[in-house]
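Chains here go by letter, A, B and C, matching the order in which they are written, and residues are numbered from 1 within each.
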Amino acid sequence: MHWQFLPFQHRPFGFTHDKGTQLKRRHFIEAAGAAAVANAAGFPALAQSTLPYALKANKPFAGKTVNVLLPPASQFRAQEKRLAEFEKLTGIKVVYSYVPYGQLLDKITTEAVAGNGAYDVIAYQDSWLAALSGYFEPIDAMVKADALDLARYPQVFSAAAIYAGRNYGLPVRAHPQLFFYRKDLYAQAGASVPSTWQEMLASAKLVQDKTGVSGVAMDYVKGSGFQNLWLWFNCLWGHGSDLLDASGKPRFNDAGGVLATQAYVDVLIRHKVANPGSTQFNEYDMVNSMAQGGSASMMVWWWTYSVLTGERSKLKADQVGFAPMVRFADGKSPTVAVIMPFGISKQSRQKDAAWEFMKWVTNPELEVAIVTDKSDAATSDIVATHLSTLASAKVNQANFGLPAVALKSLEGARSLPKLVVWPQVASVLETAISEMVSNGKPVKAALDDAARQVERITQRSGGRRG
Amino acid sequence: MTAHVDLSLAAPLTKARRRRGQHGLRNAAIVLITVVWVLPVLWIMATAFKPPSEAAGLALWFAPTLANLFASFDVPYLLGSRLLNSVLVTAGTLAIAIPVSTAAAYAFSRFRFPGGSAAPLVLLATQFLPPVIIVIPLFVVFRNLGMLDTRLALVIANLSFVVPYATWMIKGFFDALPVDMEEAAQIDGASRLMALWSVVVPVAVPGIATAAIFSFVVSWNEFFYALVLTRDHAITLPVALMSARTEQGDAWEIMATMGLFIIAPMLVISRFVQRYFVAGLVSGAVR
Amino acid sequence: MKDRYLKYALLAPALLVCAATLFYPLLQSLIYSTQDWNLGRSPAPEGFAGLANYAALLADPDFLGSAKVTLLFTLPSVLLTIVVAMAMALLLADNGRLQVNARTLLVIPFAMSPALIGISWRFMLNPEFGVADAVARWFVPGLDAAPILSDPVLAMAALIAVDVWHWAPYFMLTFIGALAALPRDTVDAAQVDGAGKIRIFFEIMLPQLWPVLTIAILLKTIFSLKMLDQVVTMTAGGPGVATDTLPHMIYTTAFRFYDLGYASAMAWLLAIVMMGLAMLYSRFVMGGSK
């Protein structure tokens, strides 16, 4: 992290590095710069005459409307509540159009094929980018022109929108993994909070034996967007294997991959510490299982904390504990992160205005304001993507210390591989996992079959069907 | 000109009716089947009144709450406006579909068209492609007509898949009615159309009623076209239902609440339509 | 003479609505099926491929597997629905208060949208707190501990059961309406002769119900072949590929894999099968009824 002095770039509040001289000097430079510009433009030299977040002054796009397509989330509703601020600064009206999360991709697809630029900014999952890159506008030039510092994000977040060397968006919503556990049950059983997968198994077994509650909930079911693959990737990378090798051929069925997959399914099959319903659980069921007291731990995205302590849960806040995501053996294996960037649609007729919006909606101050505002349940969220926000003491205080723990999970985190044919590959893989767990298919055989299919798919993607 | 056709062909005969035991057994069977069939729905409906923490539970007893009801009408679900859209779209669809389908059904039943008996199949054949494949070109059509996000577009889209099925359902009923009925009326001096209206249609009313129920339900629950063809203004209930599925899982008690509104009109309509069944049950055509 | 104009006049509105709305989309999808087109590579079709998609489909083990799964679903669901619907119709054909109220209530499952049904049943079959799961285990104590929806056979059984639960009430209404129009005299005569109820049903009532019955079978077959929402929301085609029906495969191929040419070809193959069924129906069934 290096803090360059970039004129006109606003510094986030709550930034707890040594304020002292650096900030004073920055203030001076900024103010001087502002005065210089103001004088040049013939305006009175007010300290606030330049706009924050590198927004263009003098409202060049006033009167335009930017349409945003995104799924419902309290974070987005919180942003929506504050859109008036953006309109005041730039005169641009922003309209949020919500689409059910499960249908977001369908909607993006239809609009991409037949649309007429109805949406200017679109939220998407990082794993969809490879197939959709042709429908988004690269923002590299805009980032450079406005000197946006992408280092303000964890590397895995900012890299999520980069495909084939070009940048297709800014991370607005992103999730690291955490290990959640029942503090009371762990205390009761005398289990320790694990930091590795092996420790997790041991603790789960102890808790299960001592308290009768299932040790861990897993989500092995096929469907709901390949949810059963996230933890599989933890295992795969944790055993030194990966999806494809350098030449693009599948390697997940190599020795490491087989061990990894075996480890993944063995939580249920061999160690028997997984909730028996896990073969049918999707991510939501898994979270629900813990929230209803049916399981003592789970490994999933950080936002589930609000579900575990929310009105849908039978648990109280002091029963819910969280720790950085467990890793393998040497404790250095990567964790998984999933990111939802905002991108500018290639069909948009006002890309400039859309870029102004992007700059505003990704500014760290807005983020801090949202994650520290717990006044309304419908707009209170913990999701933040800036390193500064995650490290901020104020933010951590408002959010039970979750962001700091999330930062630890983010060390060495990776996002899913970006392939144009990822949906097909994911489908093959999630089916394979489902067959191993539900139909008892042996791991090596299932992986070999899957590798054959993946090879066929990746070969086919280059050219004609065959 | 009407004689009575007593429906209860399957009911015990006059003699057997005196066998009280059998009657009681029958009624018991009816009650049992109805209860078992409807129990899952009752469970879902009950969930609409459960507080969120209980929504995922098996508990039979819970403190009912109206909070979900209020939440559904509020932002972000906006049940009120979605409900209105659904009502308008479905009413429009029905108003057009029933007369159009009845006319077409009669035409197919009583006349020959080029292609013989395969001709009516052409109408049905338009339904052999799944909506997911048609939706993209359909989207293009409405986009070019500037009709995206309008209720009219949804009505037209609904009609395109309601009319073929409704036509076939009503056709089956026309097919089962002997032709001599109309001929008798025509001998009496009525034109073909008048014969259709005054003689045939009343007898085919149960069939038309069933087709109406089908059209209503299918139109009311139509999801995929509604998802693709609407943006903000014309969003209907089924799309709103899916918006209760967030990244964080299902707001199950909200979905159940919306489910109530999805089911409720059906209860009302089916009760209302029963009248036509009863009419058909006690009146028929003279032979 | 007047009849000739009348018949076209009566048919015209229906044709207008269906053909006009669907003509372009149907034609376009047929064209797509002959194109090589992956949305991830290009926003428009990439090149004429003739029948290559179709040929590839017929050799595709996934497609053939999905066709098998579709048959496995369709045949039992149609059979059970029709039989159950007829039984319910016979039971509830009276016009007593009990029957009327029962019919009103029974139609409710039909009124639920398929997506809602899939979500609700998945919820009720949840192994931890699902009421249907609890009830099933109570009735069948020998049921394996494994969740129902993650057993390939049981998941299919659940899908079929839910489909019957959804559709049978509707066809019950259809059959009741048909029973209403049956002439009573032959039945009376047969009963006077002492014929048993079963014989009466099969030899007298059934033949007269034939037109409505066969249309019901045809329509239910089409509905079963096109069923999608419940698969998406209840099983996602799983476990493994045990419930991956053709409509589901078409959906995932088009909207997840973006292989629009291939998906269109798949849809048209399914449509051709349905057309074949319809032709068979018109030849052997309709011909016999008139």
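The definition used in the following text is that a residue touches a chain if its C-beta (ideal position, glycine included) is under 8 Å from a C-beta of that chain, and two chains touch if they have at least 3 such contacts.
This structure is a prediction, so every number in the text was calculated from the model and none was measured.
Contact topology of the protein chains: fully connected, every pair of chains touching.
Summarising the inter-chain contacts, the pair of chains with the most C-beta pairs in contact is B-C.
Separating the CA-averaged centres of chain A and chain B is a span of 43 Å. Here the CA centre of chain A is 40 Å from the CA centre of chain C. Centre to centre, using the average C-alpha position, chain B and chain C are separated by 15 Å.
Shown for chain C are the residues in touch with two or more other chains, namely 129, 255, 260. Shared interface positions of chain B, i.e. residues touching 2 or more other chains, are given as 56-57, 135-137, 140, 242, 245, 250. For chain A, the set of residues touching two or more other chains reads 106, 113, 288, 292. Taken together, the chain A residues at the contact with chain B in this complex read 71-73, 77, 95, 97-103, 106-107, 110, 113-116, 118, 283-284, 287-288, 291-292, 303-304, 306-307, 310-314, 378. Residues 51-53, 55-57, 75-76, 135-137, 139-140, 143, 148, 227-228, 231-232, 239, 242-250 of chain B are the ones touching chain A in the complex. Across the complex, chain C meets chain B through its residues 2-3, 6-8, 10-11, 13-15, 17-19, 21-22, 24-26, 28-29, 32, 88-95, 98-100, 102-116, 119-121, 123-124, 129-132, 134, 165, 169-170, 173-174, 176-185, 187, 191, 197, 200-201, 205, 208-209, 211-212, 215-216, 218-219, 222, 226, 228-229, 247, 250-251, 254-255, 260, 263-264, 267-268, 270-271, 274-275, 278-279, 281-283, 286-287, 289-290. Interface residues of chain C facing chain A in the complex, by the touch rule stated above, are 36, 38-43, 49, 52-53, 56, 125-129, 145-152, 235-241, 252, 255-258, 260-262.
Looking at the complex, you find that chain B touches chain C at residues 5-11, 13, 26-27, 29-31, 33-34, 37-38, 40-41, 43-44, 56-58, 96, 99-101, 103-104, 106-108, 110-111, 113, 117-118, 121, 123-130, 132-138, 140-141, 156-157, 159-160, 163-165, 167-169, 171-173, 175-177, 192-193, 203-204, 206-207, 209-210, 213-214, 217, 220-221, 223, 238, 241-242, 245, 250, 252, 255, 259, 262-263, 265-267, 270-271, 274, 277-278, 280-282, 284-285, 287.
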